[in-house]
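Shared between the two complexes below is subunit A, which pairs with subunit B and subunit C, respectively.
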Partner chain A sequence: MNEIIESVKNLSIGFNSQKGKQISILRNVSTDIKKGETVGIVGESGSGKSTLALAMMGYIKQGLFPLNGECLFKSEDLLKMSSRQLEKIRGRKIAMIPQNAGQALTPNLKIGYQIDEALRLHTDLNKLERDKKISELLNKVRLPSPETMAFRYPHELSGGQQQRVAVAMALAGKPDLLLLDEPTTGLDVTTQAHVLELLRIIAKDTGTSMIYVSHDLGAIAQVSDRIVVMYAGEIVLEGPARKILKEPIHPYTYGLLKSIPKLSLAGLPASMPGSQPQPGSIKEGCSFYDRCNLATDHCEKNSPDLKYIKELDTSVRCFNHKELINQNNNLQTSITKKSSNSEVIEVLKLKDVSISYAKQKFFDQLLNKISDQNPTVKDININIKKGETIALVGESGSGKSTILKSIAGLLKTKDGQIKFENNRILSSDLKMRNPNDLRAIQLIFQNPDESLNPNHTVEQILSQPLKLYFNLSGEELKKNIIDLLKKVRLGEFYMSRYPRQLSGGEKQRVAVARAFAAKPDIILCDEVTSALDVSVQAAVLNLLQQLKEDLGTTYVFVSHDLAVVRAISDRVAVLYQGRLCEIGPSQNVYKFPSHPYTEVLLGAVLEPDPDIKPKLVAEDIVEEKPPEKGCSFQGRCPRKIGDICNSEVPPWQIGENGNAIRCHINIDELASLQQ
Partner chain B sequence: MLLLILKRIGLGLITLFIVSLITFVGVEVLPGDACTTYLEREAYGAALDACIKRLGLDVPAYERYLDWALNVVRGDFGYSLSGEMPINEVLGPRVKNSLVLASVSILIGIPLAIVLGIITALWRDKLPDIMISTVTIFSMTIPEFISATLLILIVAIWLGWLPGIVILPSDATFFELLSNIILPVVAISMIMTAHMARMVRSSVIQVMSSDYVQMAILKGVPYWKMVFRHVLPNALLPAINVVALTIAWLLGGVVVTEVVFNYPGLGRLVIESISNRDLPVVQALAIILASIYVGINLIADLMTLMLNPRLKSLQIRK
Partner chain C sequence: MENNLITENKQKNKIEKAFEILKTMASKPSGLIGLTVVLFHVVLALISPYIAPYDYKAISPNTMLLAPSAEHWFGTDSLGRDVFTRTILGGRTALTVTFFGSLIALLWGGLLGIFCGLVGGKIDDVVMRVVDAFLSIPWILAMLLIVSLLGTSTEVLIPALGFFYGKGIVRVARAATHDVIAKDFIVSARARGHSNMSIIWNEIIPNVRDAILVEGAMRWSWMLLGFSSLSFLGFGVSPPTPDWGLMISNARGLMSFAYWSVIAPIVGLSSLIIGINLTADAFAKALGIDRSTKAPV
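Moving on to the complex of A and B:
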């Protein structure tokens, strides 16, 4: 068990800047991987996780080169090998499971061929044996009907299935070490939990060592024996998983854990100030100095070494780590939100809204109507109160974004009405809305890179809505822009910056500021934190909450992340295949009795705690279309009671907590089933 | 799938119909008609009457269009004015000559472009790339009429290796042509090859940096195997449509080059018939060139459709 298979020694990797300076992105990293062990590598984006993982296969990305150190695989240095030698090791001794299997499978080659290729390269099996082996592998990763699966092209599989094919491909050469680079990021919550479960079983059955790279402590917690925490290209903390997650003794890890929203906690996670320094701008002293609340003057000038602490079996890079020992009951705290004022003015009502993507037939076009018996989104009834945060949750394809787009007027509704303020019907066509309504409803998108014009400065970006809606100009315009920046905690000097000169969190803040520039009544947030690191996510969530408390804005918040939703929302609506399943105050939706789909979703959430395992109750099948009749969840429901679920739309039932559930099972019975 | 192919062919035919209509209407709305244009000052009296009769200009326009269109569909373009012989006879050898010129250029140019593009991409920023890229970028910037003239000046006049001007009757045999077309072919394929080589280069480079190529490397696939199985099929697929555009665009180059080299092809005929004001021939040429254009694009579309697994299965599922 203690045999070391790969050992990284003092590895530094860097690149030459345009000015010819050598800039390192990995600095003196050393770690050992033992046989049969799973090591998790975590850190914010840009901390050098993937560079480290790739170097462990002897692969250095174009433009980078090793500065010093070595990667010893069975005491041979991978970084010194010829490509011939590496071809013998890659796929056979060390295999990789990529981040985005969808892009990592070659599009013009069938699944079967791609697995066969690995078998041909790394085993001596003949054609017949290989065909058998392909079926076996596809079976092992639990893909349905392995025989036909082999003849499909990558694009004919769902994201979860592609990831499974990548796992099968990696297992083909029976490697001693598996490298996984964010293997579940981008997958749906339930799919993610299933893939992790699969990996855990494989690790146990085959005794393969794994290196699991992720920014998601929740996923890391589920699989790792040991955890390595990286910050700005250095290892800052390394030790047994349980120790790291429950008693983190480095301020960065501590802050990171606190900034993750948790299912069991209402209220917002604490955020860490600042952001990780860019490579090349790292000054002397501790690289975490700017963001550390334990920092002393000593830390500013002196860099701490990675120190091994015997009694904790942990290595830590911090002068003041002792202060964090036994601090850890504080991890389970959060910032309580001010509850929104209880006056019940309804600002926005969705009444029987249905939305269809079906192409209009010729006659329908003439009559300007949409005839689609089975629209993507159907029968949505939600009344949104002034000043509340209502969240729409569900897996990808559940129609969350579709509903937001319709409220914003970007997508026509098929049936039903969207009413704004005193029951005034809003046209579902953007061009027919009056300018004041356009101002009153603003949208913030998932990806600020795509929604901010890269050729405009922050000042130009923010002045557009101010000019458009309020006709401001000159000094007044400038004053308003500075005010807005102040609201989102950005200094005046950001005005002349371009989006590319901002970090991800800063960009999203500019996007928030732009939405608030219109002084809107309602802000529609589409996965606004999904592209952000946890520490930045916590900051953006806190910012949104603060602005709402100050200005009384109403949010419609779309997210697939149940823990984030729990943190920010007052009320939650759960959607499956464009149909509402459950709606109610968030503290109650997160309590049983729940709709069977909510139960599945809650079970699949990954908590950054090795003792809380996800409960996998339903298969992670992808349904392409909502069912024609009956309950929308009938295809996957683990509690399905029979034909009635297939034939009749279930009724709404109101629980004693005030959440409404749409299911044929009596609500009291659900409560006892879910005990 | 079949439906889609039929749809594309239908669209092509509609395009041709519109082109024919436009050329016909264009001729109609010009002041005067084919006869007055052709006869110029002599357009009076018996000569004019005879001409009008011969061309059937005394019947209404739509009837003439129908008549003409039906004949074209049957492959008969009517009579030319200048030679007073059937246009088909004028066109036949010219089409053949141009076809020889264009196909030799394409057969040499496209494979060369692909090979050069791949070499420059695989040895990116190394010596082969720097050398080839300098030449291709340079030849991309010189228009045909200059490169053609320069070629004549250097190879034919200074070095005297090859004839500079093609002095052949339009019904010369293929082998007679061959020795004469070397310079025109070089002139025509230079720009085309350069453009396509750049295209292929950037496409290959893009695929080389994709996740799936990185994955193939990490899977232990040997370099050349990776290039041929994982890189080239995906890199060359988008190139097909560009090839079609380039070929269609090459037609323009053919016209210019033929004139410079005095080559008896379609291109020179275009210029000749325009300067002779031989409107029936101009009409016939417009239709022929448009058909080639439409045909090439149709073939490219269908090829992309056949080769791209994504599009293929999309159609089957429907």
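Moving on to the complex of A and C:
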């Protein structure tokens, strides 16, 4: 078992900058992959983890080139091979599973044909044997009815199923080494847990070695035997998964683990200061020096070597790792939020809101009638109190962002009312709202790359709302902008920068500042942290919480990440297919009894702890449309009791700890079932 | 990546920025050639009245169809006029008319395209169908009609050319706007309650400006060819004003024995068109590099 399959020795990869300087992205990386072992490579964006993984396939992105070192696959250097030689290895010996299978599969070829292609290329089987093999492979990746699946086109499959097909294709050549580049990142929580489970079983059954690249320590924890932590192009920590996750002895890993919000923990995660240095700006000394709280003067000038510690079977690149060994294991701490003293004033009320994307028929349009009987979002009743943070949670397609858009006035409602302050009805048409209402409700978007105008400086970006709502100009405008920047902890000199000159976290801070510029009462946050790195996410969450405590703003927080929601919200509403399933104070929603869907979601959350395995209680089928009648979750419910679920909309039941659940099963019974 | 490394970025003023774009354009041979040719023509058009050796309209039967010599560098034409004088003066009208023409095309085409892209819906449908209808009319026929109704003065030619060459810009501007419109920063501006005008001015124009300017530069060279074609057909500038298209038209019958009187205007016209084309190309590339977030590695 201890045979080494691939060994990376002293590998450095870099590029030439426009000024002719050589800039390295990977610096002296060495690691071994043993047979049958799953190695997780983890790091934040820009740490060089993907570059390393691709180099292990003998692939180097255009513009980059190896500076020194080698990648030995069965004692042959992949980086020196010709493309002919590499062809023989790729697919047969080393296979790759891409991040987005939907884009990796050819859209106009049937699934079976695409797998057949891989088989023809990598095996000598004849047609009949290949056909058998295709259904065998589809069966292996647990796709339902493999025979018919082979005749489907990629777009007829859900994201999780597409990813399974990609796994099947990779397995076609019986590779010794599987390379997975963030294979579950774009998937829903439940689907992600299922795919990871599948990968783990495959690794065990076939004895294939795997390299699993991800930024998500939760996913890494589920599959890896060994973990390699990358930072600024170097390996900073390498060792058995359990040791790395439970007792990290590098301050970066320690900080990273602390900055992950955890389900078991209320309150906000601690954030790490600063951000990863850009390639080319790495100074002498330890690359983590600026952000490290253990750093000494020695670290500033000398860069530590990767040192192997025998008793822990771990390699670490830190002078002061002993301090962390001795430090008590207090990974399970968090910053407690001030409980928001939510006054009982209800600032926003959603009453029987339905939203439909269906296009009106011409005749209905004349009569001003909307005919869709089964709208995307239906029967939403939520009362939002002043100063609270309410989270809308659900998988993709649950209608959470749709509701947010309607509150912002960007999408017309079909039925129902949105009431704002003293029961005043807000028009669902943006143009009919008065400027003060527009000011009072602000939006923050998921991806700051898209939500900031790339041709505006930070100053111009922040001056937009200030000019619009408060007619500021000249010195006063500038003073206000500086104040806003200070609020989001950015310096005055950021004013003249363009978004492309900022890091992801800084961009999101500017977006937050722009929302607060309007002095809003309500801020709608649409997945505001999902495009950010973990350590940055923690910082942004802390910032949002701080601003809220200072200014008393109300947040409507949309997210698919239950742990993030747990960290920031006071109240949670769980949505499935545009219908509410459960709503209640966040500490109670995370306790049983809960709606079967909440139960499924909670079970699928991946914790960065190898001892906490996800509980997979429901199939990861994707439903395209909400059911016409009955309970919205009838199609996937593990606790379905019968026809009543299909025919009648379940009643609201209020549990003893104050969360309302919409289910036909009696709440006490549900509690005993979920024990 | 380099861009991110710059920690202290001073906001460059517009002149500096323009200068930088010019520098990038001139850094490639094709761009340098294009810029030089265009600059040469512009300078020539400005100073030609002062350096012209002869009177452009002086007819003389004694000097008819003389071959190039020390006195008449490019020879003389069928009416005995100096071809060199007429050639260096011949670009003036064409340059002025097409420059202002393309400016008009850029303005109305660009703004209408952006507006249609932003508002969408029925207004967009109607406007685009009208534009399509105009696109289907052969421009030269329409131009002939306008010119024969309203005359061939520059006051007629500039707006007429501007109108006919702006139709294509509408499409380009609309497509560029569609690319931007789906981005969250536009949604954000909408949700804040900015007016359409403010969204066009602040959010869209900075992002589509480059694409429209490049398209405008390309149109300029096309318009130059179109204008010369009109003159060639006798519907552009009226004699005796020196103009390349007109000169080619007058001299083409004598090409077999007095080639000089036709070659000089052809060289003048084609060099300017190629020059503008090369410049527009280099301009697009220079802006493209500036626009992308990552420096090419």
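The definition used in the following text is that the second predicted complex is superposed on the first by the 671 of 675 C-alpha atoms of A that agree within 3 Å, B and C clash if a C-alpha of one lies under 4 Å from a C-alpha of the other, contacts with A are read in each partner's own complex, and residues count from 1 in each chain.
Here, a residue touches a chain if its C-beta (ideal position, glycine included) is under 8 Å from a C-beta of that chain, and two chains touch if they have at least 3 such contacts.
Note that this is a predicted model, so its numbers are computed, not measured.
Clash-free side-by-side placement of subunit B and subunit C is the outcome of superposition onto subunit A. Taking subunit A as the reference chain, the count of touched residues is higher for C when subunit B and subunit C are set side by side.
In the superposition on chain A, contact of A:279 is made with subunit C only, not with subunit B.
Between the Cα centres of subunit B and subunit C, as seen from that of subunit A, there is an angle of 30°, stated in steps of 10.
Of the two partner chains, neither subunit B nor subunit C is touched by A:651. By the touch criterion stated above, A:408 is placed in contact with subunit C alone, subunit B being left untouched.
Once the two complexes are laid over each other on the shared chain, residue contacts for A:445 go to subunit C alone; subunit B is not touched.
In the superposed model, A:91 makes contact with subunit B only, not with subunit C. Once the two complexes are laid over each other on the shared chain, residue contacts for A:15 go to subunit C alone; subunit B is not touched.
In the superposed pair of complexes, A:117 makes contact with subunit B only, with no contact to subunit C. In the superposed model, A:491 lies in contact with neither subunit B nor subunit C. Within the superposed three-chain model, A:456 lies in touch with subunit C and out of touch with subunit B [touch as defined at top]. Of all Cα pairs linking subunit B with subunit C in the superposition, the shortest spans 5 Å. No residue of subunit A touches both subunit B in one complex and subunit C in the other. Against subunit A, in their complex, subunit B makes its touches with residues 209-223, 229-230, 233-234, 237, 308-310, 313.
Touching subunit B in their complex are the following residues of subunit A: 54, 57, 59, 62, 83, 86-92, 95-96, 98-100, 103-109, 117-118, 121-122, 153, 155-156, 169, 173. Across the interface of their complex, subunit C is touched by residues 15-19, 23, 63-64, 278-281, 408-410, 430, 433, 435, 438-439, 441-443, 445-447, 450-457, 460, 464-465, 468-469, 493, 496-498, 500-501, 503, 514, 518 of subunit A.
Per the touch definition, subunit C reaches subunit A in the complex via residues 1-6, 8-11, 183-185, 187-194, 198, 202-203, 206-207, 293, 295-297.
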